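Listed next: structures, encoded as structure tokens.
Two complexes follow with subunit A in common, the first pairing it with subunit B and the second with subunit C.
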Partner chain A sequence: MDYLILIFQLIIFPGFLFTAVIGLVISWVDRKVTAKVQMRVGPPLLQPFYDILKYMIKETCVPEGASKIFFLSAPLFGFAAVNVAALIVWQSIIHPQAAFMGDLVVVLYLLTVPALSLVLGSFASKNPLASIGGSREIKLIMAYELPFLLAVLVPVIKTHSIRLADILGAQAAVLAPSGILALVVAIVVMQAKLALVPFDCSEAETELTGGALIEYSGPALGMYKLTRVMLWVVMPLFVMVVLLGGINLNNGWQGILAGIGKYVGLVVVAVLIRNTAPRVRIDQAVRFFWGKVTFVAVAAAILALMGY
Partner chain B sequence: MIDVSMHSIILPLAFPLIAGLLCLFVPRRAGQFAAYIALIAMAVMIVLCWPLLTAAPQIYDVNRWIHLKLDALNRFFIVATVFFGLIVTVYSLGFMKGKVRLGEYYGYLLWTVGFSLIALLANEFILLLIAWGFLGLLLYMLVGIGGFSAAGAAKKSMIIIGGSDAVFIFGIALFWQLTGTTRLDNAPIMLHGARATIAFFAIIIAAFAKAGAMPLHTWVPEAGKHGPASVAAFLPASLDKLLGIYLVTRATTGLFVLGGHFHTLIMFLGAATIICAVMMALIQHDMKRLLSYHAVSQVGYMILGIGTGTALGIAGGLFHMLNNALYKSALFLGAGAVESKTGTTDLDHLGGLAKTMPITFLVCLVASLSISGIPPLNGFASKWMIYQGIVEYGKNGSWTWIVWLIVAMLGSALTLASFVKVLHAVFLCKASPEVKRKNITEVGPGMWLPMAALAVICIITGIFATRLPLRYCIFPAVPGSDAFAGTWWAGPATIALVAAFIIGGVIYLISSVRKARTCPTYIGGEIMDTAVISDLPQGKERSVEVTGTAFYLTIRELPVIKSFYSLADKKMFDPYDLGAKIVFYGVGILRKAHNGVLPLYLTWFLAGALLVLGFVLTVPLK
Partner chain C sequence: MSKKTIIPIGPYHPLQEEPEFFKLHVDGETVVKVDIELGYNHRGVEKLAESKTFEQAVYFVERICGICSTSHPIACCQAIEDAGEVKVPERALYIRSIIGELERLHSHLLWLGLAGHFLGFNTVWMWVWRYREDVINCLEIITGNRNHYCMMKPGGVRRDIKGEDIPTILGVLNGLKKPLDLFYKTVNQDPVLQARTRNVGILTRQNIIDYCGVGPLARASGVAIDVRKDHPHAAYGMVDFKVITTTKGDVFDKVDVRILEMFESVSIIKQCLEALKKTPGPIDANPAVIKAGDGIGHYEAPRGEVIHYIRSDGSNRPARHKIRAPSYVNVATNRTAVVGQSIADATIILGAVDPCYCCTERMAAIRVDNGEKTLTADDLIKLSWDKTSRLRKELGAAGPVLPLD
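Let's look at the complex of A and B:
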């Protein structure tokens, strides 16, 4: 019976369907805002849904000489991981005091799997451009993981716990200086985790013609897109749970509104960055993350250690 | 809990030694016969040792020198040792077939198991030392079986391990002087004063050299690359880790009581090992060498965990040791399978094996994900425990823990990066011309069965971590380690992951993916394989290739990192090479004194005589 509830939570609410629908709506917001920035009209609300459906009926091509099963199942690893990550993050918001399935470390590790599945899929494509794209993605992981770890460990430094419940419970209403710096770092890293400009070097339409995704088509490509759409929900929510106090559901509609406000705020920042920044080269990205961003993250960690 | 009689404890110690002796007498022509002796012996050993897993702790006082003790810590080490012995023996049946010196190979393999059990059970330092010395020698012999190219690697291993053994003897002498006993199970001594500190570090040096922790790791990449893959899987990857970590655990939890600074120092060494070794692994061009650097890097996690001194950290470190032995030997055996089919482990000359060697690919994939700590595999479970141990350690008020935690977690990402490179270069990218020319097929079941068994165990020990390995091996050995500070429901999480995977599969099934079409790869608008890149004669044509070995040149060229790599290239971090430089410099000075001119020798003689005379005259007579 417990497992039936678990499966329901995973598939319907708050897992797959719930998260995917929110993600698709948010991706519409992204496209609409982008269109406004570029003086276009933008797509209708249901366009992202149509797009996903369209992927499902398009033809699938598997490159010659590639392992067909591995090529097609690579997107599913990332999809599975993002679903479980979504479930854990949502549960920590809905039932803040109950321990559920995984803690901070678990979510951190699950959130690297979508990128990993993209890398493995690109390698399975047997295309040099895909390999280059995949290698850029893995280098990007190496680069942003260091500052990201430092940023999300700021609350761990304060609470000495890796449980999401403890981290949520310990956050004060007003952001501490260390928390603000960590949030800045997390926003920058989020941009890379969502493969948005300026850190979309793994796909780089202009020089790699899609890079990591070059050989993917049809439902397999749709699966990657769906995974990314769900990451649009999970990543900001995770940052909110760790650094911004999550969504307070006990406070009535005010709490919910404040939560939605935080979420939309994070999304809008990401969309604005992606529309105003140019793409960086991979070595610039690595240098940026291991240099400036890590510097800020270290400052945040030191402030947290000092109690600020 | 069952009581194990004295005979049942002596028998598994003596049995492999006798069987090994038998193997040595097998004539060269009938070498494969030794393999069957070893296989039967290992199977018998499993039967003999399995009951020890739940045996009651007991002391076996055979005589003054043979003093054994079975307790909650060493009993699972024993079973693990024999298990890996069996796996490697089964694998060797196929892998070593047709090679020379098989009698010696299997004989040494069995002796290694025998002496390891003696070292693990010994409650007497002298006995431990004798077994330890033999193990160093056997490592030299086994690596040397790799042939002419392995001679240098064998020598290097021998010198580093042998040198650390000398330090070990010195440490034991100091320990004996301090405590008046050479028993391992007397009350732990406080670690203050010079003698206790030196004794502690002498023992730690021996353990670090055996486990391959920095800075005494440099024999591992050599032995791993040049020795046979089965030996690499058995010794540097699993058994030497078990022994080294066993000694570290004994030293830090049983023999000595550590103060705060010693914890910091050991954790520093662990963290440094993780990050430096994984950075070296990133840039390797040879699969076995790359794996060896990971064999070093993973020790860092174990030492870091044990160095915390918290129950969770120690338990995590021990669990990580078991897990590492599982996935690392699977990877080495996979490398051996690749080598036996293609004749090389050079990443630049492989590729495309995912389709021709699917089982080896799957094994390496699972093991790679496991070593990178992807949930719900076993590598994640133990790393997760180590992280909690570090957070617990941080409650004592020091700030260093955050550095260790970051390094350990970042090490995971870097490990993933270097294994992604292996998967690309060996299995997924386009086959190199050398591989294309050979008709590659999967290895026989004698080789893939042990590998697959290890991969399956990696999955099982991950999903059922708390129910199986932790419950039977680790929790009894480390009291209080079952109170986790975090949340990880491995079982439900696995069900959720599998269910989500199935949702994706169902979406595939109702979509158009069933009608998937195979089509050639295009690049720049032309079919890749026929795109004209260069006009070269048949057999020498080059195509567009990305092997993956150059993936991390971007990282290599970064400002600070670049200078570290160039220092490492000059072997500035290798105590073996540094030591060699110092020794040869000293020898060079002495050599100048030997110019073959008789008057100079007479001068030396006279000077020496005068010195002796002076000494004799100044010593007062009684």
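Let's look at the complex of A and C:
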């Protein structure tokens, strides 16, 4: 029975289906807000669902000379990882007692897999534009992972625990100065992890015409898009759990509303950043993450160690 | 060194939707060499023009390009007038300049939007194109068309600008001031935009001279070349304006020059409208025959100098018609500007030339079998007239009479 419950949790609630539906709605919000900012009308509510549906019924073309196994399995890695990550993060909110030691580290690992699967797929497709997109993605991962780890380290230092539920149970890290710095770093890294402007160098539609994803079509492309959509939920949620106190389900409606408010706030910040900045060059992005962002992240970690 | 990767941009440009082919030879992210291949869109325009009468030829060269659709006709008319020694009435000269400057406004706005899109700054793209609509509406009020205005003819212009429409046009121009200020401020203050455009794709003064660059591209590198000033044509000798130049020659300067030129364009149009009130008279010299002879007409198109050469043998058709568009010289500058830059910068540098590959394609016939309504050319023209008259009602302008009903 335990296995059946786990499978239910993974596939329906709060894993794949639940997260994907929220993600698709949020991606509609993103598109609608973007459209409003740009003086356009924007798509109807169900458009993201139609898009995914359409990907599923289209043909998947494998380019000649591409490594078929890697090309087709790459999207699955990212998709599977984001599903498990979604389950763990949600569980830490819904069933804190069920959380296991070290789930924080597992989630950190799982959150890098979507980007790595993109790299794998892009190199497997044997397209020069895709391989440039893939190499940019590698550079980006190397650039943003260090500051992101440092930012996550802040609540770990404060609570002396690498269990999400413990961090969630303690006071929200953002209430301290170190937590505020960590939040700023996390928001910037989130922008890169969600591949949004100004850090969408790997897909750069206007430079690489889709870059890493250029050769993908049909369900395989749909899988990447779905992964991205679910990241729209998992990333802000993870940042909320480690830094903002997550969603408090014990406080009734107020707690849930406050949680939704935090989530929407993070999404709105991401959407606004993406609409008010041009894309940076990859060298500028790397310098930005290794310079300013890492500096702020180190400062946050030191402050946390000093007890602030 | 191992084999270099070639990044193809084209043969059909993913953004500009025009046929050209840039082969970027890259080493990692750095471009080491660029091959430029043009000529995918050869249509035999010059030969075709020789089979048209002079009046038809003007109408025909308007179809060379959808963006500079009044630059070619003005240059062509001037070439014909030069060959036939036709004197154009003053009022027609002012109207030519007004249409020409309105076109420059919408063309520069189009480019500015595209530049934003190249940099992934889609908000700029959408905003700029939103305000470009105002300019295009203004053109539709005056001429009846958004593009392809059909205003020019040898010896003058086809339609007059009525006195009662001048306030509407001025209203549109005054409405542009705020957005233009906003764009200028955004470009000059946004730190990320600066990081992406400053010191990128530098063309020195010497580069421009070597490549014979023209237009805003040359002016951004400090070469004050502007046909409107150097060889005043249309009404440009009778109005006051500055030739905008900057010194650096990077992408930022190219943006800057174009935005500042738009302010000048607005000022030129205002002066012309003022002069129009005081200059009554015919708008067309109606030349009966074009004498035998050679004529050269050049016009400062939004992208630089466009030259038309016409030889008349005294018949009603050009014996020879030669056209040189500004992009022909400007695109070649990419061979210097792109090398040594990263791929990310290459796209904006290639775009900063504001290339125009002389692009209009003919209408494609589509067979519709599933009971959908098929619109004929006449239906489309009717729809367009309806829209124009609706627009005029909204903006309270009269404009030239439409052949409705």
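Going forward, the second predicted complex is superposed on the first by the 301 of 308 C-alpha atoms of A that agree within 3 Å, B and C clash if a C-alpha of one lies under 4 Å from a C-alpha of the other, contacts with A are read in each partner's own complex, and residues count from 1 in each chain.
One rule holds in what follows: contacts are C-beta pairs under 8 Å (C-beta built on N, C-alpha and C of every residue); 3 or more make two chains touch, one makes a residue touch a chain.
Since the model is a prediction, treat every value here as computed from it, not as a measurement.
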Which superposed partner A:Trp290 touches (first subunit B, second subunit C, both, neither): first
First (subunit B), second (subunit C), both or neither touched by A:Gly218: first
First (subunit B), second (subunit C), both or neither touched by A:Ile138: first
Winner by number of subunit A residues touched, once subunit B and subunit C are compared: B
Touched partner set for A:Ala301, first subunit B, second subunit C, both or neither: first
Touching partner for A:Gln38 - first (subunit B), second (subunit C), both, neither: second
Contacts of A:Ile282 with subunit B and subunit C, given as first, second, both or neither: both
Which of subunit B and subunit C A:Leu208 touches, first, second, both or neither: second
Which superposed partner A:Ile157 touches (first subunit B, second subunit C, both, neither): first
Which of subunit B and subunit C A:Pro75 touches, first, second, both or neither: first
Interface residues of subunit A shared between complexes with subunit B and subunit C: 128-129, 131-132, 135, 282-283
Complex contacts: residues of subunit B adjacent to subunit A: 352, 354-355, 358, 361, 373-375, 380, 384, 387-388, 391, 394-395, 399, 402, 405-406, 409-410, 412-414, 416-417, 420-421, 423-424, 428-431, 485-489, 492-493, 495-501, 503-505, 507-508, 510-513, 515-521, 523, 528, 544-546, 548, 551-552, 554-555, 557-558
Touching residues on subunit A, where the partner in the complex is subunit B: 3, 6-7, 10-11, 15-16, 55-68, 70, 72, 75-77, 79-81, 83-84, 87, 99-106, 108-110, 112-113, 116, 119-120, 123-129, 131-132, 134-135, 138-139, 141-142, 145-146, 149-150, 153, 156-157, 160-164, 215, 218-220, 222-223, 282-283, 286-287, 290, 301, 305
Residue numbers on subunit C that touch subunit A, as the complex places them: 5-8, 14-15, 26, 28-29, 116-127, 130, 190, 192-193, 195-196, 342-347
Residue ranges of subunit A in contact with subunit C within the complex: 34, 37-40, 128-129, 131-132, 135-136, 197-198, 200-201, 204-209, 275-284
